[in-house]
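The following pair of complexes shares a single chain, subunit A, combined with subunit B in the former and subunit C in the latter.
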Partner chain A sequence: MNNATMPSRDIYITSSTGEDCYPTWDEALDALAKLPSEDVKSVRLIPGETGSISRGSNYYFDTHLMGLSGNGTEQDPWPDLAAAAADLAQDGAAAKNVTIEIKRRVIFTATRREDWKRIQQYIVQFIFFLMVMALVIPVVAILGYLFYKAMPALSYSFVFENPRDRMTAGGIWAPLAGTFFLVLISLLIAAPIGVFAGIYLNEYAKNNWLNRLIGLAVVNLAGVPSIVHALFGLGAFVLFANFGESLIAASATLAIMTLPVIITSTREALAAVPMSFREACWNMGATKWQTIRTIVLPNSISGILTGVILQVARAAGETAPILFTGAAFYLKVADKGAGYWFPYGLNDKVMALSMHLYTLMTQVNNAPEEIVYGTAVVLIGLVLAVNSLSIGLRVYLRSRKKW
Partner chain B sequence: MPNSLSDGQADQKNPKPHREGSSFSIRGGLDALFDATEPIVEVLIRLCGWSAIVFVLAIFVFVFAQAFLDFDHSPPTTWNKIDPVEFFTSVKWRPDSSIKPTYGILALLAGTGAVTVLSMLFAVPLGLGAAVFVSEFCSPRVRESLKIIIELLAAIPSVVWGFIGVVAIGPIIIDLGLSPVGVNVFNASIILALMSVPVIVSVGEDALKAVPDSYREAAISLGASKWETVYRVLFPAAKNGLLAAVLLGVGRAIGETMAVLLAMGHAVQIPTSLFDPARTLTATIASELGEAARGSDHYHVLFVIGVVLFVIAFIINLLADFAVKGIKAGNE
Partner chain C sequence: MTPHVEFRNVTVQYGNHIALDDISLNILPKTIFGIIGPANSGKTTFLKCINRTIDFIDAAKVEGDVLVQGESVARKRNVYELRRRIGMVFPLPVGLPLSIYENVAYAPRRAGMNDPVELDALVERCLTQSVLWDEVKDRLHSLGTKLSGGQQQRLTLARALSHRPEILCLDEFSIAIDPVTTMKIEDVLLELKDQMTIILVTNLVQQAHRLTDQTAFINASKLIEYGDTEEMFSDPKNELTKRYVTGDFG
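Moving on to the complex of A and B:
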C-alpha cells in the first residue's frame, strides 16, 4: 500500500510532552521514531473504532477488532513500537477508518498487601534456608575439624598396621578387617532374605491383613533400638544357638538389624518397574517366577544394589548390636601371612572399627589423640564413601532410566 | 501345508551359526533349571516375606525370655525378685550394692525423657523447616544436593556422633562457660537432634510431596504466596505425615545408644538442669551388660529394660504407621 495514496487525515501521537497531530503516516512515523518508546502514551487515528495495543515486553495489536490479518496478534507480537507502527502503515490501517491507540497499560499492579506478602515470602524463605544451613554448616565444620586433627595419623601404614602397645600405637588393620568380615557375613545373610522378602512384598503379596502385618513388621524391625537388637543377638545367637560371642553371632545380629534397609529398597526398586513390562511378559505365557527372573529383576537390579550398599554402610557403622555378641576390645592379630588377611574364624571374637573407636575413647586412657581422631575419620570416610557409592549409583540410574 | 514346507526349506538354506545355537542351548538348559525350581523358589520367597514378622516376634520372645525366665534355676523368675512398682517408680538404680541392690528405672526413664524432649525441641523445628525448604522452596538442583547431604548426615555412625559430642561439642560448652563438664543432657540433645533430623526431613518431605499439586495450584490461584500455601494448605493437608516424621524422630532419639552413652555422662539421676549429666535406658544396658554376671538379677533386669525399650519403640512405630496410613486413606 502506497502511503501517498492514503487519504489525508490526522494522526495523533500522545506522549509525555503532550499530544501532537500529524497529517500523514510518514510524518507521524518519523516523529514516532524520535520519541523514546516508553514515552509514547498513545497513537490515535480518527475517526473509527478502537483497537487496543497493550504494552508489556512486546506490543500487540488486536487485529480481530481491526479486521486485519498478519502480525501484531497476541501470539505474534511486534518487538517494538516502531515495528508496530510501520506494520500498521503497511497494512493501511489508516485506510480502513479505524482508531489505533497505543497505550501503556499495567494490567495487575501490586497492592501494598501483595508487596508485604512478597517480602514476607522472602523473609520466610530466608529463615528456612538458615534452618537448613544450621544443619549443614556445623556438621561440615565438625567433620572438617575431625579430619584436620586426624591428619598427622592418616597414612598408608595407619590403615594397614595392627594396633600395638595396648592400642596406643600402630594402626587400625585388625579392627578394619573385622569390620570387613562382619559386613561381608551380615550381607551374605541379609541380602538373600531381604531381596526375597522385597520380591514377596511387591510381586506376590495381596492386599490382605497378613501382608499389612508384614509391612508393619518391617517398619517395626527398622525402629527397634539397636541395643535391643544386641540383647536379641545375645539371647538368640550367642546363648540359644550356642554360637558364643563370635563373628557369626555378631554378623547375624547385624544382618537382622539391617534387613529392613534391603527389604524396603528392594520393594521400591521393584515397584518402579512398570506393570506393563510384567503384563507383556505374562502375555508371552511366562510364569510369575520367569517374569520376575527375566524381566523384573534385570530392570531393577541397580535399585536393589543401592539398598544392599546402604545396608553395608549401616552395618559398618553400628556398634551397639555387636557390643555383646562378638566384638572384642583387643585381639592379637598376625602381622603377616594368611593370618593377616583372614584374622578371624567364624567362631572367634572380632575387633571392629566402630568398637575400636569406642574402646579408644573409654578403655584406653593414654591413646594419642591423632590415633583416636584417625580411627574416627577412617570410620566416617568408609561409611560416607560406601553411601556415596549408593547415591552415585542412584543418580546414574535415574539419568539412564528409559521408562 | 506348502507354506510350512517352504519355511522348513528356508531354514535349511540359512542355518543359524553354530556358536549362537550352542550358547542358546546352554542358556536354555539354565532356563529350564530355573523354571523347574519355581515351586521351591516361590516357597522360599514366601518364607522370606514372612521372616520380618518372625524376626520381630523372635526379638520380643528372646529378650522377654532372657528377662523373665531363669534358665539356670527353674522355675523362679525375675518378677519374684523385682517389685514392678519399685522398678518403675524408684529413682534408686543400685545394681552393684552389696547390701541391698535396688533396681529403679525412674531416673533412667527421666534421663531418656529429658534428652528426647530437649533434642526434639531442636530437631522438630529444624527438621520440618528443612523439609519445607527442600520440598517447596528450592530449585530441583539445590533440592537434590541438599537431600544427598542430609542422607550423608544420616549415615554418620552413632559412635562417631558420640565422639563428636565428647571432642567437639563438650569443649564448646565448657568454653562458653555453660557448664564445667562437657558431657551432659544438653550436649547429648544437640547430638541426638542432629541424628534425628535426617529422619524427620526425609519423612516430612515425603509427607509434603504426598499432598496433590492441585492443592498448591488452587492456593496459588487464590493469590496465596508460597509461604501462605505452606502453612495454610500444606501443613493441614500433610499433618499426619509430619506427625509421623516427628514420631520417627522421637523413636530414633529414644533408641539411640552409643551417642548418648558417650555424650551424656554417667550419673544416674533425674536431671534438674540442662547441664546435668544423666543416663538413659539404652546407655545403661550398653554400659552394664558387659559387667553383669550372666543369670544374675542385674543381668535379667537389664533385659527387662530391653523389653521396656522394645515396647516403647513398638508403640511409637505403630503410631507413626497409623499416622502415615491416615494420610493415604485421606487422599484416596
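Moving on to the complex of A and C:
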C-alpha cells in the first residue's frame, strides 16, 4: 500500500511486522480500526519533523481490561482499535506526516521444534514407565501366585514345626534354622574381611600394578558362577581343610561367594565421600586411620551396611554353593529344648530352605503342593525382609548424612 | 637470619608435566611471604611440598630438598609432627561433616587435647582470628557443612590455626570472602606475623603488595624473581614481573 502520492500528508502505521504508508489520516484510521485488537498493546503517535497533532502522543490500549470505554490514557485505555480510530478522527484531521506506532502484545507461542520437544519428553517418559512396569508386574505376579498356592499351608506351626513323615507333612523349622545359621556364620566370616579389604583397597592402596591386579581379581571373583564356588568349597574346606560336609564348610563357601560384592560395595561407599574431606584432615596432621575413623566411615557406613545386608539376602537364597559342602536332604532334629533352637553343630550337615525346596520338588514323590509353595513363600519372605531392612537402614543413615 | 622454609633446587613432576622447575628460595621467619603468578603455574604444588601432602598424589615425583628450620621434610620419619606445625588453607572451602565446634577442635582432639575448658578457649580464639566468631557463636553445634561458602572458607582458616602452626600457608584464602571481611582477616594476618611465618599464595597482586614482606613471582613452573615486596613492585628486575605486577600481562 505504499502509494506516496501526497508526501506532505503521509501517515505511517508501523508495527513489528513492518510499516505501511497511507496518504490521508482517514485512510490510516480505517486501516487501524480493521487491525485485530487482541494483538495490540499500545498505540503511539509520533509527529514527524513537520507534523502536528493536537493531542499528546502516547495512547494506551488494553483489550484484556473489562468494561472500559476509556480515552487512551494509561489509566484509562481504549477498549479496542475501533474506539481508538474514532477518537483520533475527531482531533487528528489536520494531522500530517505522523507515524502511528503499534506495539504488539508479546505472546508466548511455541515453535514446532518446541512442540516436538514436549511430545518427545512424554514419549520417553512413557517408555521408561513401561520398563518399570515390566519389572513390577512379574514381581507382583510371582508373589501373588506363590501366596495363593501357599495359603492353605501358611501358619505359625508351619514355620515353627519340623518336617515329618518323610517331609510330606509338618513345617519347615529345621531348614529355616539351617539357613539362619548358614547366613549368620558366612556373614561373620565375610563381613569383616570384606569391609576391611575394601577400606584397604580404597584408602591405602596406591595405584600400582599389584593393586590393579587385586581389584581385577575381586571383580572376576564376583563373576564366578556359584556352582564353581561350590566345587572350590568342596576342595578347599570339605576335603583339604578336612571340615567334612558341614555347617562350617558350607558357611565358608557362602562367605567366599559374597566377599567380592561386599568388597566392591564397600569401596564404592568409601569413594562417595569427597576427597576434599580427607585432604582437609591430612593437612591438619591427622593420620589416615584417624581420618577414616572420624570422617570417612561415619559418612559411608550406610552404603557399606547396605552392601553387606544385600549379600545376606543373596546367601540365604543360594543353593549351589551348599550343595556339596554341607546341605542335607533330610535330618531328624529335636522338637524341643536347646536342640530345637540350635539344631546343628559346626561340624554337622544342615538343612537349608533353598535346598529343602529343591528336595521337595525333585526327591519327594508325594509332597503336598502347599508345603512346597509355603517353603518358597517363607524363603522369598526372608529375602524381602532382609532387603527391606537394608532399605530402612539406608534411609535412616542417609537422613543423618551431614553434607 | 636462618630461613624458616628453604627450597633447594626443588623440581616436581606429575608424570610428564613439570609442575615446579628447579625452585630455590628462602622464606624468613615471622614474615609474610607472598607468591604470585598466573593459574596453573605451580603455586599450590609449592605449598604441598612444604607439608608433604604431595605424597598423596601418586604420580608426583619430587626432586631436591625442602627444609623447614634446616631439616629436610623428605627425611622426616613422622610426617604428622611436620603437618601439625604447618597450617594449610586451600582455596576450596571445606567444612568437615561435623559441627562448627568440632571442625575447629578436630586437630587438637587428634593431638590428644581433651580438656573442655581448654578446647572452648581454643575454639573461640581460632574463630575470632578468622573473623567468624560473631557469626557462629550462637550455633557452634550446628553443622559446619551448612555454612555459606565464605563462612566455610573462614572455618577452614580457623581449623588451620587450631593446631598452633609455626607456618601458615594460605592458598587464595579470600576467594569466597567479601572485601570487608577480607580486610579484617588481613589485619589479623598482620598481627599473627609476630607468632608465625605466613606464606600467602594470591591472585590479587594488590593483596600481595599490601601484606607481604617478600614476594616471589612464579610463572609456568619457574621462579622468575623473588625479593623484598617493595622492590618487586617498584623496581622489578625482570620484564615479565614488571608486566605482571602492573597488570599488563598476557
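The rule we apply is simple: the second predicted complex is superposed on the first by the 254 of 403 C-alpha atoms of A that agree within 3 Å, B and C clash if a C-alpha of one lies under 4 Å from a C-alpha of the other, contacts with A are read in each partner's own complex, and residues count from 1 in each chain.
Here is the rule we use: contacts are C-beta pairs under 8 Å (C-beta built on N, C-alpha and C of every residue); 3 or more make two chains touch, one makes a residue touch a chain.
Note that the structure is a prediction, hence the values are computed from the model and not measured.
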| item | value |
| --- | --- |
| Touching partner for A:Asn207 - first (subunit B), second (subunit C), both, neither | second |
| Which superposed partner A:Gln363 touches (first subunit B, second subunit C, both, neither) | neither |
| First (subunit B), second (subunit C), both or neither touched by A:Val139 | first |
| Which of subunit B and subunit C A:Asn299 touches, first, second, both or neither | second |
| Partner chain(s) touched by A:Ser155 [first = subunit B, second = subunit C, both, neither] | neither |
| Superposed model, subunit A: greater residue contact from subunit B or subunit C | B |
| First, second, both or neither for A:Leu259, with subunit B first and subunit C second | first |
| First (subunit B), second (subunit C), both or neither touched by A:Cys281 | second |
| Subunit B versus subunit C as contact partner of A:Gln290, first or second or both or neither | both |
| Footprint overlap on subunit A, where subunit B in one structure and subunit C in the other make contact | 287, 290 |
| Of subunit A, residues touching subunit B in the complex | 114, 117-118, 120-121, 124-125, 127-129, 131-132, 134-136, 138-139, 142, 145-146, 149, 192-194, 196-197, 199-201, 203-205, 211, 213-214, 216-232, 234-236, 239-240, 256, 259-260, 263, 287-290, 293, 313-314, 316-320, 323-324, 354-355, 357-358, 361-362, 372-373, 376, 379-380, 383-384, 387-388, 391, 395 |
| Complex contact set, residues of subunit A against subunit C | 206-207, 276-277, 279-287, 290, 294-295, 298-299, 401-403 |
| Sites on subunit C touched by subunit A in the complex | 51, 53, 56, 58, 80-84, 88, 90, 92, 94-98, 106-107, 110-111, 143, 145, 156, 159-160, 162-163 |
| Residues of subunit B that touch subunit A when the two form their complex | 34-35, 38, 41-42, 44-53, 55-56, 58-59, 62-63, 65-66, 125-126, 129-130, 132-134, 137, 144, 146, 148-153, 155-160, 162-164, 166-168, 194, 197, 223, 225-228, 248, 251, 254-258, 262, 282, 285-286, 289-290, 302-303, 306, 309-310, 313-314, 316-318, 320-321 |
